[in-house]
Amino acid sequence: MEQSRPLDMLNRARNNTVLVDLKNGLRYVGKLQAFDIHINVVLEEAEEHKDGELKRKLGNVFIRGDTIITISPA
Amino acid sequence: MEQSRPLDMLNRARNNTVLVDLKNGLRYVGKLQAFDIHINVVLEEAEEHKDGELKRKLGNVFIRGDTIITISPA
Amino acid sequence: MEQSRPLDMLNRARNNTVLVDLKNGLRYVGKLQAFDIHINVVLEEAEEHKDGELKRKLGNVFIRGDTIITISPA
Amino acid sequence: MEQSRPLDMLNRARNNTVLVDLKNGLRYVGKLQAFDIHINVVLEEAEEHKDGELKRKLGNVFIRGDTIITISPA
Amino acid sequence: MEQSRPLDMLNRARNNTVLVDLKNGLRYVGKLQAFDIHINVVLEEAEEHKDGELKRKLGNVFIRGDTIITISPA
Amino acid sequence: MEQSRPLDMLNRARNNTVLVDLKNGLRYVGKLQAFDIHINVVLEEAEEHKDGELKRKLGNVFIRGDTIITISPA
Amino acid sequence: MEQSRPLDMLNRARNNTVLVDLKNGLRYVGKLQAFDIHINVVLEEAEEHKDGELKRKLGNVFIRGDTIITISPA
């Protein structure tokens, strides 16, 4: 049996809503449209949250991979 | 169907106004003229904002990729 | 006798519960589903702990390798 | 039409006065003599500013790329 | 005479007890089981110390190399 | 005409006195003996300054490139 | 005449006592036994100093290169 790799999970999450938590405390919630090996990520219909509060609604957002801590399905 | 990559979103945003949020809290708003795989970015007719206030108007500005958190269409 | 490498330990820990401690003080506890050479990690049935308290239950979680300090079997 | 890249802007700025803003809050103003792909930069007839005040006049200055946030024509 | 390299010392320390001091002030003490060129390290029968006090006993622990300051035989 | 590169300036500064300013606020003043593409630097007859005060006289000093902000001829 | 490189200085310092100053304020003093291109360093008969005070005597110590600011002959 072939062993799974971390990017397989991101692949399965495509077009689904994910939570992206950043090193600066911000959380982005949106539909995972794209990612790459640097874990650069693009979300659609994204929301920016801080301390549990909605701060901004964004259409699409590109998030630079080196700012990300975790990505998890909503 | 071919899967989209994060830089595709930046490509579609060329010549459109984007918001670029930096790790130091600054936000640059301007027309996306150029970017590369390091996410180095050049904006035209750029404005620098801090805490929601306009601080500087710049013609062109080169922003080093490793200082960027997010890029989103305005 | 061939000498062991650090990723051998992670390989033996697959499908077992591990503790993942991050630079920001968070701890994730879950079943190690996948990892790669950057030490990007995916946990199943994961829990997020802070200062010894359970903060969140997550299904799967992708953790970016550069945020990790230690990984140890539970 | 070929698409422009971020270093094209720096190329056009050669021999012109630029503002270089650093992560530590310093600003260097001078004539852009040279740069490379790491965004290492050399300015001629450079001035060092802090909080809007002139701190030092330098002849030439080499600035290491990883300390730079933005470069913009004066 | 061939000149010694830093990893030679780690090789000689295999299966011996070492102290691993981290950037965040934690110290791990355990038997050096494995390391690689990134200085990722695995210790057996490891203890976690903080400010000279034992905090945790761990079986095995994987320590990500970029969090390490020094490694020294006990 | 061939365009100049940042390391050309460092080459011209060889055997001349330079100021090397570091991210931690220290300044080293000495004769530039050697440098490489990582901007690792060796100074001869070096002095260490902090807040404008001489702290140490050193013979030779090796300075790791990633700690450097600027290098300028004295 | 061939131009000297930074590692040449470290080569000449082999088997001599050096001071290694770290980003976290610690200083290690010991005989330079080995180094590599990452500036990972091994000292023999090493001492750890903080604020001018001896904190620990160590036999050998491996110091990860990315924690080092300067290396200078004692």
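Going by the order they are written in, the chains are A, B, C, D, E, F and G; count residues from 1 in each one.
Convention: contacts are C-beta pairs under 8 Å (C-beta built on N, C-alpha and C of every residue); 3 or more make two chains touch, one makes a residue touch a chain.
Computed from a predicted structure; not experimentally measured.
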Path length in the contact graph (subunit D to subunit F, fewest steps): 1
Subunit C-subunit F separation of Cα centroids, rounded to whole Å: 42
Centre-of-Cα separation between subunit F and subunit B, whole angstrom: 33
Where subunit D touches two or more other chains, by residue: 66
Successive chains along the ring, subunit A then subunit C then the rest: A, C, E, G, F, D, B
Complex interface listing, subunit E residues touching subunit C: 14, 22, 24, 26, 28, 33-36, 40-42, 46, 58-64, 66-67
Subunit A-touching residues of subunit B, taken from the complex the two chains share: 3-10, 23, 39, 65-66, 68-73
